[in-house]
Structures are given as C-alpha cells and as structure tokens.
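Below you'll find a set of structures to go through.
Two complexes follow with chain A in common, the first pairing it with chain B and the second with chain C.
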Partner chain A sequence: MPLGLIMAKIFVDNIEYEVPDGKNLLEVCLSLGFNLTYFCWHPAMHSVGACRQCGVINFKDENDKRGRLVMSCMQAATNGTRISIEDPRARAFRAGNIEALMLNHPHDCPVCDEGGECHLQDMTVMSGHNYRRNTFKKRTHYNQYLGPFINHEMNRCIQCYRCVRFYNDYAGGKDLAVFAAHDDVYFGRQEEGVLENEFSGNLVEVCPTGVFTDKVLRKHYTRKWDLTSAPSVCHQCSLGCNILTSERYGGIRRILTRYNGDVNGYFICDRGRFGYEYTNSDQRIKQPSKNTDNSSQPLSTEDALHDVKDSIFSKKNIIGIGSPRASLESNFMLKELVGENNFYGGIPKRESDLVHRVISILHQGKVKTPSLKEVESYDAILILGEDVTNTAPMLALAVRQAAKNQPREKAYALRIPQWDDAAVRESVQGQTGPVYLLTTHHTKLDEIATKAEYAAPDDIAITGFEIVQQITRLSQSANGDESSQSFTASVARDLLKAKKPLIISGTSLYNTAIIQAAANIAYSLKDNGKDAGLVYAVPEVNSMGMSMLEQKNLDDAIGRAKEGGVDAVIIAENDLYFRVDRDIANDFLKNCHHVLVLENLQNETTTKADYILPAGTFAESTGTVVNNEGRAQRFYQVYKPSNEMRSSWDWLNEIRNSISGVHAENFDAVVDEMIKKYPELAKVKSVAPDANFRKGTQKIPRETARYSGRTAMLANINVSEPKPPVDKDSPLSFTMEGYQGVPPSPDVPFFWSPGWNSVQSINRYQTEVGGALHGGNPGVRLLEPSNENKSGYFNQSTEKFSRREGEWLVIPFYHIYGSDELSVKGPALAERIPPVYIAMNGKDLEKGNLKDGDHIEITFNQNKLSISVKSENTLPEGIAGLPKGFKETTGIEFPFWGRIRKV
Partner chain B sequence: MSVVFSEKKLNRVKELVSHYPDGKQKSALIPVLHLAQEENDGWLSVEWMDYVAGLLQMTPIEVYEVATFYSMLNTKPIGRYVFEVCQTGPCMIKGSDDIIAYIGEKLGIKPGETTKDGMFTLKKVECLGACGYAPMMQLGKNYREHLTKEKVDAIIEECRKEARQIKEN
Partner chain C sequence: MESLTNRSKPVDRRPMNLWEKIYLPAVIKGLGITLKHLFKKKATYNFPEQTRPFSPVFRGLHILNRDEEGRERCTACGLCAVACPAEAITMEAAERKPGEEHLYREEKYAARYEINMLRCIFCGFCEETCPKDAIYLTETFAPANYQRKGFIYGKEDLLIPFPEKENQPVTEKP
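Right after this comes the complex of A and B.
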C-alpha cells in the first residue's frame, strides 16, 4: 500500500481487512481476491450501479444480524464497514439477478466467439445460477454491419451499458447509442455502417458478453485456450502500447490489450489491435534468397550465410542502414557488424535531427516527460502542431480523460466519490477543462478544445514563443494582461492557473522550432513553480531507440555512397522507398553496388536486393524498443515459425559468427554486449528477466493449461508429436507446461485465473484494482531530466510563414489508417484508408477556379502527382495538406513547395 | 420531403428552450418532439426527428435514443385510436396479458401494430399510475379502467361508431 494513505478496517464475512479509506467497496473486495460478481462496473470507468450483480449484505455493526442488501459498487469502504459476500441471501440475490439478466440470452456459447473467455459465463458459474427456468420465447434483435473490425450479435446483450459508456463517455464516440426500453433495449448505430471511433476495438474487451467481438479474429477463429501468446509491444506508432499477441497454426490470430498501469492501461487503439494482419500477408519473406534482375533463387540458411560472407563481406566498404521499426538489439548488431563509422540510422536527416532534438530535451532539459497513463492526471493541456488522434492515437484518448479533471474537481468538492461515475458525470455536465490546440487544420480533438487555432507550422512555433512571453509577463506583474482574450493570453493564463499543465507536441510537421517552442513553454512553467509536463510524439516505434544508438542518418549514407565510398550495404527492416524520393533511393542502392536486405515483407527495397534474409516482424522476434517517453520495453517472439524467419539481430549474429567466429550465445548476450558499449543503455538489462529466469525450476508457458490438439495438429506431417521448440532467448516456453502462477510483469503471456477466463482476470495480476501489476509495471525509463539541468531556453529562429505566388507549402496530413507503413498492408485496416486527396483552403480553391473533387496536378522537385482536391477551410491559405504514407505519397519528404495546376 | 415548423410553433420552441440554461437547449427535446408529433399525425418520422435535432443542435442519433425510449413518442405511423394497455406488475396480476391478447385477436394485430384500415393501434406501455383500477389502458386523453373482454368489445364498438359519425358529417 502506498504511504500516506488513510486506511480503514473493514469486515468481510467477519474477517478483518485493512483497506484504503473511501475506496469503492467492490474494487476493494476484488483487490482482496474475493470472487464477487459484477457487470456494469469497469475498473477504468467505475460505477453506475446499473446491473445489480454485485449485491452483498451490509451490516450496521457487529450486533446487526439482519443487515440489508446493497450494491457493493455503489458503496465506499470506510472504517467499520461490515459486509457479507457469502450470506445465503446475497448469494441467492446474485444468482437470481443473473437468471433475470439472462432471460433473453441465447443458448449459443458453443458458437459464440466470446465462449471460453466470457465474463458472462464466468459470472454465471460464480453466482451459482446453473439451471434455466425460463421456457418462454426469447426476444430477438437484428444485428448490424459495423465495419471491418467489429462483429455485432445483439441477442447476447445483458444491458450492462458498458459499451456506450466506453464508446461515448470515455472515447468520445458519436455513432453508438442505446435505443428503446425495457426488454427491447438495443445497443448499436442509427443505421448499419462502420463504427467510426478510433478506439472501437476496445468494445471487444469492454463488453462482458459476445455482442461485440473481434471480426478480424473471426476470419481465422481460435478459442482463447488454444492460442499461443506472448507479451508484446505494439509497433504501429511511437507510444509502444503493451499488447498480447496470439498465434495458432503459424499465423497471428489476434491482439488484445496487455494492461500496463504506466502506459496504455486497459485499452489500445484500433490501428494497434487490428493492424497486425501484415504479419500473415502473402508478401511475407519466408526464406533467404539470392536475386538478380530477373531471377530469384531460394537459399538454405547455411548457403545464405555462406554466400553473404563471400559476396558481401569480401567487399571493402560495407555500410549498415538501421531502422526505427527494428529493435535496439537489431540496430546494435548491425552497427557491430559493419563498425561504428559505417552504421547509419535509417531515417532522413530532417527526421533524425528532430528525434535527436527531442532526446536531448528529455535528457538535458528540466521538465519531466510523463508516461502515457500519467498524461491523464494533468489538468490543463496545450497541443502544439500535432494531430495526436492520428499520429499517436492513445495519447488522444489520454487527453480526453485529462480534459475532465478540472470540471471533476467541482464534483469532488461536493463530496461525490471519484468512483461514482454517474453522479460525477451528472455534475460535470459534459464540461471540459482547459485544452488548447494549435494545429495546422481542424483535428478531431477540436471538439473538446477550449480554443483551437490553426496556423502554418512556422507560425505555430512563433505563437508558441509568444505564449512564453505571455507567461513571463503574467507571472511578473500582478496586474498582467488579465483581461486579454487573445489566444496566447488565455493559454498562458490557464496554464499558470493549473496545478499540472502539460505541453504536447511532436515531430509530425518536421519543424524544429515547434519542438523548441514546446520545450520553452514547459521550461517557463517550471520556472514559475509549476509541476509541468512535456510530451513529444515521435514517428515510429523505435525512433527513439535507434537514435540513441546513432547520430548519423540516411542522408549521410546517401552522400557517402554518391561519392563512391560504399561497396556494399546491409539494410535491416527498412524500406528506403518509404522514406526518401524514389530517384534518390534508386541512385543510392545503385551506388552501393551490393545490397543485402533483412526484411519481413516484400517491398521496393527488396526488389533491388542481391540477397534477402527473412526477418521476423514483432510477432516472430524478440527485442527491446524505446517509446516516445524514453521507456524501454521488451517484446517477445510469439511462436517459432516453421520457416527461416527470425529476429534481425539473430541473423546478424549468425553472419558475424560466419565471418569472424564471434557469436553471442543468445538474446541476453546481445544485450550485454550492447550495454557494455553504450552505458547510457544500461537499464535495458533490467527491462525484463533474463532467459535463465525460472519460477522454481519452471519456465513461463506461452500456452494455456488446456491448450488442445498439440498431439494432432501436425499429424498430417508426422504422426509422432514433435519435441516443442526451445526458446533460448527468454524465460518463456513454447509449451503449455510450466509455472502456472502470476509471472513477472514483463512476461505475462495471457491473463487467466481460476474462475476468471475473460480479460477481467487482469484484476488478479494487479497489486490493487487499476494499480500496478505485481512487481511493478513493465518498462524502464531511460531518459530522466535532472535537477542540476539549467538548460537554457531556445532562441526563436523562425520567420513568419509567407505564402509564395503560384506555389503551395505542402505539409503532411496523418491518418490512423493509412499513414503507418505496415498496418496498411492488412485487409481489414486497408478497408478504412480514405481515398488520397490534397486539402486546400476554399479561398485558394476559388482563386484557382477549383472545386471539391476536381483533379489537380502537383509538381515538386522532378515529381508529378495527380490527385483530387478537398477543401479544408481551417488550413491557412498558401498551404496544402497531403496524406502521409499512402500508396500515392510514399517516399515524399515533407514539407515541400509544390506547384499546382488544374487538369 | 423537407419538414418545418410554422412560425408560431418555432416561437413555442424558442420559448421552451428559454426554460433551460444557456447551452442546455437539448433539455427541451421532449416537448419539442411532442410538437413535432402533433404536426405529423401523431408520430415521428426520421425527417421530423432530424429536423428537431437541427433545431436543438443535437446529433440525430441522440434524438432517436429518446424517441425510441418513451412509449408516448411513436416512431411508426399510428391508427386513429391507440390502445395503450398497461403491462406493469399490478395490471399484469389483474390480467392485462389476457386483455392485450384479446384486443390483438379481435383486431388481428400484434402489440406495436396498426390495423390495415388505419383505425386501431395496440401498444403495451408501462405503469400509468392508475394501478388501483387495474387492468387499464389509455385511449386518447382518457383512461379506461377495470378492463374486461366485454368492456374491450364495447370500447372498440364505441370507436367505430364515432369514426362512422365523423365520416358521415
């Protein structure tokens, strides 16, 4: 228990317990490990007292023998609280309640996707209700088509209201609602169509029944108990949400949230949940190969290593290109292999400089960057230049929670307990606290913003610097500009008024001045005694890690190759055509003469490779990635593929062995080498237990205890059951045998506890409900500001944006579905990618005699792109927005000046 | 087809909205839906609901939530006479199930349906606060209490007669 908490003595079935005073009684009972049934209460959304499933008998004192029935989720645990969970009346009530809730519930568990991990099943068994007396006809509903992600089966609903509470109240959704009344209540859209909210996939976990289930899983369905799963980290943006990745028959079947009380909590975004299908793509590279312009010859691993040694390592100047989507270990091994001077971070200079700037601010600056979860605790927010819903989706969800903090204070002042969600919401009345947005155009968070302003990237930075001046002015003179209604004055005032102001920015506009302005604002708040926070979103899952290892960038490598300083290149998990202009990539690869690529999916770079080695994606690899917060996190290989796919570091280690006889024994040995060379990464060692970690003598099984079919699933190949593969790189095993208790927090492959088969079993892995996992939340922060840091403010070096005659400054627009390199290669996510467009202010369109939907041709450098226009009147004149990372825009380096012509 | 309120009704809407604090214009939803229902033969079409949503600056889905919740708001066309039979506990104990079944049989419709000639609609509703006179129903502005099959027969006949008279005049 944290220090400083006031404790209360409570009695549960006459046994005394010490619990935090005023906490919710249901939560307390669950934290104490009792099996108490519930539906509508959710650890992140708290109590509404709607389902009546959590009833217990409450006694006034020890002399009260009768007691009264109360809903435990609507009570506080205070000194002397006396309840009985086991009282026969309470038991009968709970069993009767579930019988009533299930009057219309179909008998379809065997064909229900929720079966085997269903909270309703668990609660039914737990309540003791085991015989149905209802012989009447059940009411039935029509189901809706809800898009590619979610399946709808309304008959299974038990009216707990969790779905709408999550979707609307928590995530800001607008297109899911509850219709009708009594036994006809319907949860759905107003008409069939795609559920639009970016977090809709969480309904799968939030809904305690089989109403909302994972439609992508359905394409290759497997019961929970038949999945092989590993703790993993989402690779689809820089936040590094924790996930559980599951496999059967050599394919990834689904992704669930892996609770991390410091990072993503109970939720993940839809890009993370449904964006894994590329791992099963038929574009996967599964075998080493030797390639010429018109032939491709598969190679065995031995032959490949041999050939690579002869034809690549016989060359003199060999360089390596790392990648922000490859692990620290893979980048490190490549650097080892080619040598310090020959390794380059795999991103263009523009991006590299920004990421390095962010790292130095988080490291040498004086303001702390909070974790994703901590973002929810700030009470005033300013976002500079970042469309977080699309660049770092879960950050937007966190901002939505933080926005509720100030208005909620008023509810708490009325002594409404924090957990009483209905009452808190009633008193808040949908108000939001100070959230200011300064972006290039309208973004989705505008709907909760106190004020949103739009400006050119440079002007965003300039306004940022003005906010610093306003803060100084306000804090220096008691009668500062109190009355000014200007944007900068309001921002400064509200940030100074807040207890914990937070500045959010990022690299998405490729603008250094914005990053610096954000730092200056945070510094000035800190200098005014504020507990300020500063968050940057960066481009990719390991942008931070790769940049911590390497200063040099892709442009440096391109320059060197141009001058003839390269004889061969090794590229690890990086499609150069995604990063730079096609001509530049073509020239570079030609100038490198010999090309070895380690990659997971075929792409343009692999078509230019002499040798290709099949690298695992996050699903077939083990490694460490560093998120935007500087938190190093471990992800584990989920299963052993039947082909040659493996971690890039593993390949590179084998190559090193073949050329120099130096061989790291396993993953830990690679980490050891790495931290020896780079002491600033020393903490990576403690991110997760070593491979030789055992619970007793046992490894941690990736398979559940009731995993089925092991003896039969490969019988078509060999009737005798093969020996399970050995995992030398982690404490996890590829079997069902092993330690059955709660593993160390970074190594939890699935959540399960006796009686708790659904995701709700997370309660059993936490020190207290909603708190840290046993042993602390996973991940280690590598960057901490120090109090000695007297880092100076950045000078304002930007000029105001001025538009050019006949030219447009084209900036990137981001899309949760479309801007990420890999997730778009899965069919479900691809369905959600909007058609490509170029956005311009309506006035600019008018001047150019254009209207929405017209086709234009945009010319830049030597490129031409033909595309339809879309008006976006919030975008400043003279600026155009083009989606980043789409098929049509891949490789474009933003921002750029382009000429636009009607066609 | 686009639907609009008359000037007079719009003023009434304004007046209703003024009962609530600024920015809480949504609170006037139910009375405004009643106004809309009056304009549209006693039921709310999607057009009317969307129009009301626009007037009160709400999303249409929020209006549908409310309109489908209350039995006093109809989202399908209704007949000239609407039998709103209470089905809550006390009425049920006193035989409302039988009454509902009887009306249904007699008129050839199920609860929620309207007879082909547009004369009658049968609805099940929740307690109307007349439990002492159970089983009961609401017909237009009046309560009909202590229902029996005979009484139901008489009520149906009474309605038919009234309708005939109106037609003749």
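Right after this comes the complex of A and C.
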C-alpha cells in the first residue's frame, strides 16, 4: 500500500502544509480543518468522484495563475500540489453543483427526519447556495416499504451512490440497487420488502440526505439538538461496539455509532442500533417491590433498603449470582457484599469454562488478539465453528473487508492509490482473498469463502488439529505436499502464504476442543514466523469481565443450594431461566429460600423474587465492560430517570451502607476499591477520566448547545423548574452547560462542530480523517499475550463424532435477531425474529419420512418440544440445529441429545 | 462635575419674594392646569367596556393554525422551540397513520405541544421561524389565572377549532 510516514508539502490557497503522502486532496483538506464540501467520498469507502461537489482549482506551479478545476477527492496530495479552495471559480462551481442537485430536491426540511443533522443542509450552507431559481415541477418517486428499521423517502436523493456502495460493496448486501438512468435514478429494492443485510441501519448515517432514515426513531421522533446523549457501549453482543445513546422525555430515542478507530469504526450492526427498545418497554421495573406468591407491594427506596437488610441480610448463608450482562463494578460490588466465597458467576459451568479458557489463551498464549478494526488488516482468515454474522455481527463485517486485502495488492501493484475506490474495485473484480470456513452448517460468510466445509463440532476441532499438522508438515519439508487439494492442505498452504493470517473462533458451540484447536493453529503460525492473530467471540457483553471476577459458576451455586447451604440469594441482572433448564431454576430458587433480584425487565426470575430492586439498563447505568478482545470500555448513564432505577452497583453499595455503614462515595470509589482488591484490573482506572475531571472548570454537557424547551418540558408536571440533576459518577453533566470543544475521547456524548451538524462532524474529532480520535481511541486492553510461553500447545483429546441411532445431537443455531436476551423485547427487532424451527439434513428427514414444515416432537432430558422441521443440507447427518434464545427454546442447555418423533 | 448634557437647569435657590410667599397665585395657576386637562383627550380607557386599539405588530397569545381543509399545519419540526429565547416551547412528534390525512397536513404532527406562558416573552420568534405557517401570535392577552399551572398551554388551548365549529371562540381556557 502506498501509505507511510512520508510527508508531502502541499499549498492550499498559497499557504504551505505538510500532509502524509498517499492520501487524496479532499481527505487532507478535511484533516487540516478546511470546510470543503463533498457527498460521495466517505472515509471508510473512499472516493469514486460521483457527486462533483468537492471541486477545487489546481495550479501547475506558482506561475500558473489560471489553474484547472479538479475533484479534490480524485486527486492525490503529492509533493508540491497547489490548490485553491477559496478561488471564486471553485466556489461558484460548488454552489452551482448544489443548485443542480437541488433541482429536484423537495422543500422538505421541516418534515424530514434528517433535518438538523443533514449533510446536504450543511453542505448547502457551506457552498453558499441559498435561493432556488428553478420553478419547474420536480421529479418524484415512489417510496418503498423496507422493513421495520429503515424509512425510505426517495425524493430526497442526490445520487451520490453512497448507499449502494456501502450496502453492496462494503457490507455484502444483495437487495439494494440502483435502477434507471439520467435524472431518474432510483435507489431501492427490486420490489418492496425488508432490507435483509445485518448492517442496513448504517444507511441512516451513510446517506447524506433523508432518503434512508431511522424508522424506530420516527416512532418517537426527536431532533438531534433536543437529545440528551451519552457515550455508551453496545450491550447486545461481546464485541463492545461504541455507541451514542440518546434520550428525551425519559425514554431512549435512538442509537448512533460512536466512532472508535480501534473497535467499530464508523459502523454498528442493526441489533445494536435498533435493539434498544427494551429500555422503553412497559415490562421495565421502576420501583422497588416486595412480592409474595400473589401480591406485589411497591416500596420506597428507604423501605426497600430497610426490608432487605432485615429479611435478607439477617440470614446466615447469603450467596450472590453475578451476570455477564452486568458491569464489572456491579459484579464486583455483589462479590464484596456477599463475600469472596459466596459469589458465583451467572453462567453454567460449561460456558464459564469456555470463557476462562479463552481468557487464559489470550493472556498466557503467545498470539495476540487483534482489535475489531485490526481484523480488517489480515490477509488470510480461517473461521472455526463460529457463525460470526449472527454471534458477533460486526466481526463478520470486518472479515468482509479483510477478504479484500489480497486481491487489492494487485491493484496497488498497478500503482492505483488505495483511496481510488472505483479503480481498485475495477481491478479486483469482486475477487476475495483466502477465507476458509469450517462450520456446522451454511452461514452467510460462505459467499465470500474460498472454501467452506461443514462438520460436527467435534470434527471441526479434529480438522483444526489436522491443519496444525499440515502446517508443520508444509513448513518442514521445503517441497511439502503442494499439490494436495484437501481442505486442510489448502488452508495450511494459504495461511502460511499470507503475511498476516487470522484465526477466528468462539464459544458458541460450547466446545472447548474447537477453542484449543484454533489456538494451536495460531501458535503454529506464529512459530513459523507469521504475524498471526487469534480472535474469539464470547457470549455476552461482559462475559470476559465477569469471568475475570468469577471463581465459581452457576452450577456450583445450584449444587450448594441443593445441599441446603443457601439461605438467601442476591441475583444481579440475570434471568436464570435464560441460563438453565426451567426445573433446575425452579428448584434452585426454591432451595435458596429468600430471593433478592436486581433487574431491569420483568422476567421469570423476578416472578420468583421476594424483593425486586429496579436496576438500570446500559441507558440508566454507568459502568465498565470488557469485550471479547479484553478491552475494558466505559459506558455512561444517559439521563436521570424520574423513578428509582439506578446502576446495580449503586444499589449494592446502598445495601452495604445500610448493613455495615461502608459506603463508596461514587463510581470512582467503587473502581478504586475494585482495583485494590484485583490489581490485574488496575487498568480499568485509566479507561476514562475521573468524575472530577474538568475541562477548565467545566463538565462535559450531555445536551447540545441548542437544546430546546427547558422551561417547558417538565412544566406540565410541575411549573416550578426543578434543579438540574447532578452526576457525581462521571465528568459529564446532565445539562447543556459546560465545555463546548472536543472532549476526551471516551467522553464524547455527541459529534458536532460549527457548520457540521451531521455525523460527518466526526472528521473534526479525529487527529486525521479516518484515524484515531483526539487523545487516542477509547478503551484499554487488559489482556496481552505473554512471550514466555514457548510451547503451550493443547493436546487433542476429542473423539470423532459418531451418530447415534434414533437420536440427534442438537446444537444451537444463532440468529442476530432472536438469540440475544434483551434486544428481542423491542417491537421493531421482534418483527425480524424468524419463526422457530429445527434444522436437519434432508437425508435425515427422508429417513424419518419427514418433509420441510412437518411438525415433530423432540424429547430430551425430561422436556418435550413441538416444532416444525426445516431442511438444511449442509448440516451433517445425525445433527440437528435449534435456534438459541428464542421464546420456545429459552433456557435449553446446548448441545444435547434428543429423540425426534413425527406428530 | 461636568454635566452630561446641556439641558440641565440650575436650581433657583434665591429666597422667595412676597408675591411668591402668599402662594395663592401659584395655587390658582395649578388649578388652571387641572381645569385645562378636563377638556383634553383622556389617556385611559374604560376597560372592559372600551378596548384599547392594538398596534398592528402587537404580539399576544399564540394559536396553532389549520390549513384550508382544517388540517393541523404543525409538523413538529421543532424550529419554534429551538428559536424560542425563553425555551418555553416543547413538543413531542408523532407519525401520521394512514387514514389520518384529513387531520394532519404533513406526515408528522405534534402529539403534544406546550407553551409555558409564564416564561414566554412574546417576542414572536416562534411565529417568525415557523416554516409551516402553523404558529401565530394573536391580538389577545394571556388571561389571568388562579394557578400557575393554568399558564401551561397545551394543544387543546392553542389549536384553533375546526372550521365548521365557527362560533367557538378562538382561544379560551376551560
């Protein structure tokens, strides 16, 4: 890649600047802080030169007074380049271009959801065009129904092509295209219907106009300037993408991408973007309560603390159950409250062992786990047993980018600059580099795979171990078996050929051997001098963090309760019925006698609780979570709820105060306590600034400077305006007063810059366009590989899978919409959950005289489930796949052997 | 000290002469002024029998307007609220459902629209900024009320009635 630290001198309006070589003029001008208009260029998708909005005058040398008009996004910023942005001809061209784009653009801003954060508005103002001269009729289009997430208003299109470039070229979508020609181009689906791609929500941010807007936001629409926002971390999978969560009138209104150059970059997946609606659900627990079998009595906070002290903490054996969806601090406080020996992680042993295994590999192993963004830089990939599109969606998007690396080298060899997207794509011709998949069944990434093989979980591990042998064989004999076309041979060959091979695996199949096989492959590549990487997807947002604090797991707690060793249990943000079989959960809660639950939504566990305390979701809490990479990241409370909801750690802190008088003053005090006890977590302290951090003397406002209606918003409740709430836990304030510049990178509550109201203002928060945020990207890695461990290979101990007569091994199938516990409780996401099914190989179906859609009954342990079958011919015979986390399958512990009977 | 203007009159501090000391001439002069005013135009109005004529740019109580077909014009764009220097306007937008086209002119409308009249300074910025000609300041005062909360005007107070119910007064607090 013609990138590097070489600098070039360029002249902009006769002033000299030093810029990195190998970029285009538009990006360097934006990095230098110029207000230059553009539409089609996107920092992640680069230039195509489609919109003609970035015109500048380019001069040959200092004597050239005339110059010529060029599109700055299509021109390299080489040494000695002279341009003028302010030249009257350039200005007139840009204003004229906007006027042309506006010919057919509706006079729609007041109605348009983009208004107030519209790149077209910004660019129009910036270009200086302000009055429409055209009086003729405008072209109009039909709008399409695009599903529950995206609203379509085609009349607002300015034909920049960003949508199709993102959707098709970047995200691998198939169902959005451009139709017709001339002044009548149409961006949409071939026919109305749901946009299928998992990343469709990014169209909202990618489209510079109001063509694609957030349909979920529209249900409770609020302008950007009226939102109270906080930096947050997506809680819907283990990758920890950075998000901005926004509130008005006590409800979460929308989620946007929070740029993090190390994690998610400019994008997030649809589960993260639209999966927040559960925070506004009417199932929310808002008030502490005392419950008996048939009555529930609301309590005030004081009464609740008092009652809890009297009736729970008077008991002798009190245990605590943590949760992988609660923050580090909440798990820690629970552990403090019940004591080291009485704290149990909230996941069954099987899952706990896997996460512990992953942690030890990342920590003691010798291969580095790259950040999500770094994944895009690898040039050969092997995925073992993980359906990443559904278990860690953004990882799949990163893999799609990485797959383009090898073919792109050819383009770079032709001296095509990497930002010249159209030319690069033309030379790549849709080819992909080596991507090998070894999964249980067909997954969406198959379409970019060099080769995809399907096998039973144990066989995946065995093949993994074989790949290690192949690698050793190939590297030892100079002329190893070059000809073999077997899967393992080609994988080994391509991984060894690559500069940076990457192994991806995860916990989703509950198979330790797969995780070990993946580590072995990465180790052997490293031993062969490769800059190898190893990525594991884990189950939940804070699986890693909780497991760092957990020595015992849910099964241990269940065992202890069965033996009568438990008098009371405190459960923090965990629905046990989602984790284990219903009978086991029932027995456990009965054996615990007294149950205190801190929870955000009503669920089966809360129906069994004696006391319920309302815990905040990610929107009402502050905390730290650790993602699959071992990166600790801070998320902040967005607003102060008018009810009793608060962070779990805060509740537990209050309880501790009421029983022992020990009280942590605020969030920072909890973190301090935690790192004192667990020095290995010391870096958590540096994840974000302290609560007493000030910019000058000022806090960082969560509200925009344009926030409206402050004297009227609450007037219908009380005419006297209340004192604004104080945030003692963070450097952010709940109001609009405070520092107006660029805050420290972990504490950016929204992106805005004078003249830049849209998300494109991210440019102004980066050291250079597309690079790191000012002050470094947020998040601190807690796990780094150790170089001491020289061997550390795992032994292969797996048996080959052999099918049983009359029984099926049922493995989990994951769905981006459906397999996550909380996001499915929002109506928009719920619309996308497929009907429940059981997948089996067609041959198995034939044998059992079944066909697609037939109803079967599956028996396992003591349970029965009646369900319709679906044929999935890539699934090995003897194995069945059942969606995980669906209403009908919640609490089922995978994998299991089940008997299947036709009904 | 130097005077700021040249219009200041020095106070006459000479002792009074006899003519001034008898006071009567001054009293009669004063009575004369009073008498003269009896025949001048009155400065006050006998409100409420008589009303004061408004200046053509008078800015009083707000109304939310409808279009010719009686549909609400406001699309809840939020511009009035953001323009309001007193931050006295707040609204919640809602989406027009199919079949509601006769009620709302645009595809979004204000489900809740409130002005805090205690805070409003009647500057008229809201009217000036409205792109949909939806909000106007009328020539009415905000009437007195017994309670502070009576000054929070909601949509039912602001919205002009449907055209067919012509006889209804334009704004009236229940």
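Everything that follows uses one rule, which is that the second predicted complex is superposed on the first by the 898 of 903 C-alpha atoms of A that agree within 3 Å, B and C clash if a C-alpha of one lies under 4 Å from a C-alpha of the other, contacts with A are read in each partner's own complex, and residues count from 1 in each chain.
Keep in mind that, in the parts below, a contact is a pair of C-beta atoms (placed from the backbone, for glycine too) under 8 Å apart; a residue touches a chain by one contact, two chains touch by 3 or more.
Source: prediction; values computed, not measured.
Trainee: I'd like to know which partner A:Arg710 touches here: chain B for first, chain C for second, both or neither.
Mentor: second
Trainee: Of the partners chain B and chain C, which touch A:Ala181 in the superposed model: first, second, both, neither?
Mentor: First partner only, chain B.
Trainee: In the superposed arrangement, does A:Val111 touch chain B (first), chain C (second), both or neither?
Mentor: second
Trainee: By residue count, is chain A touched more by chain B or by chain C?
Mentor: Of chain B and chain C, more residues of chain A lie in contact with C.
Trainee: Contact-wise, after the overlay, does A:Arg223 reach chain B, chain C, both or neither (first, second, both, neither)?
Mentor: So A:Arg223 only meets chain C here.
Trainee: In their shared complex, at which residues does chain B touch chain A?
Mentor: Interface residues on the chain B side: 59-62, 64-65, 68-71, 126.
Trainee: List the residues on chain A that touch chain C in their complex, please.
Mentor: 109-111, 115-116, 218-223, 225-226, 249, 706, 708-713, 715-716, 719-720
Trainee: In the complex of these two chains, what residues of chain C are touching chain A?
Mentor: My answer: residues 75-79, 81-82, 84, 86-95, 106-108, 114-116, 118-119, 131-132, 148-149, 151-152, 154.
Trainee: With touch defined as at the start, can you tell me which chain A residues reach chain B in the complex?
Mentor: Interface residues on chain A, with respect to chain B: 174-175, 177-182, 186, 189-190.
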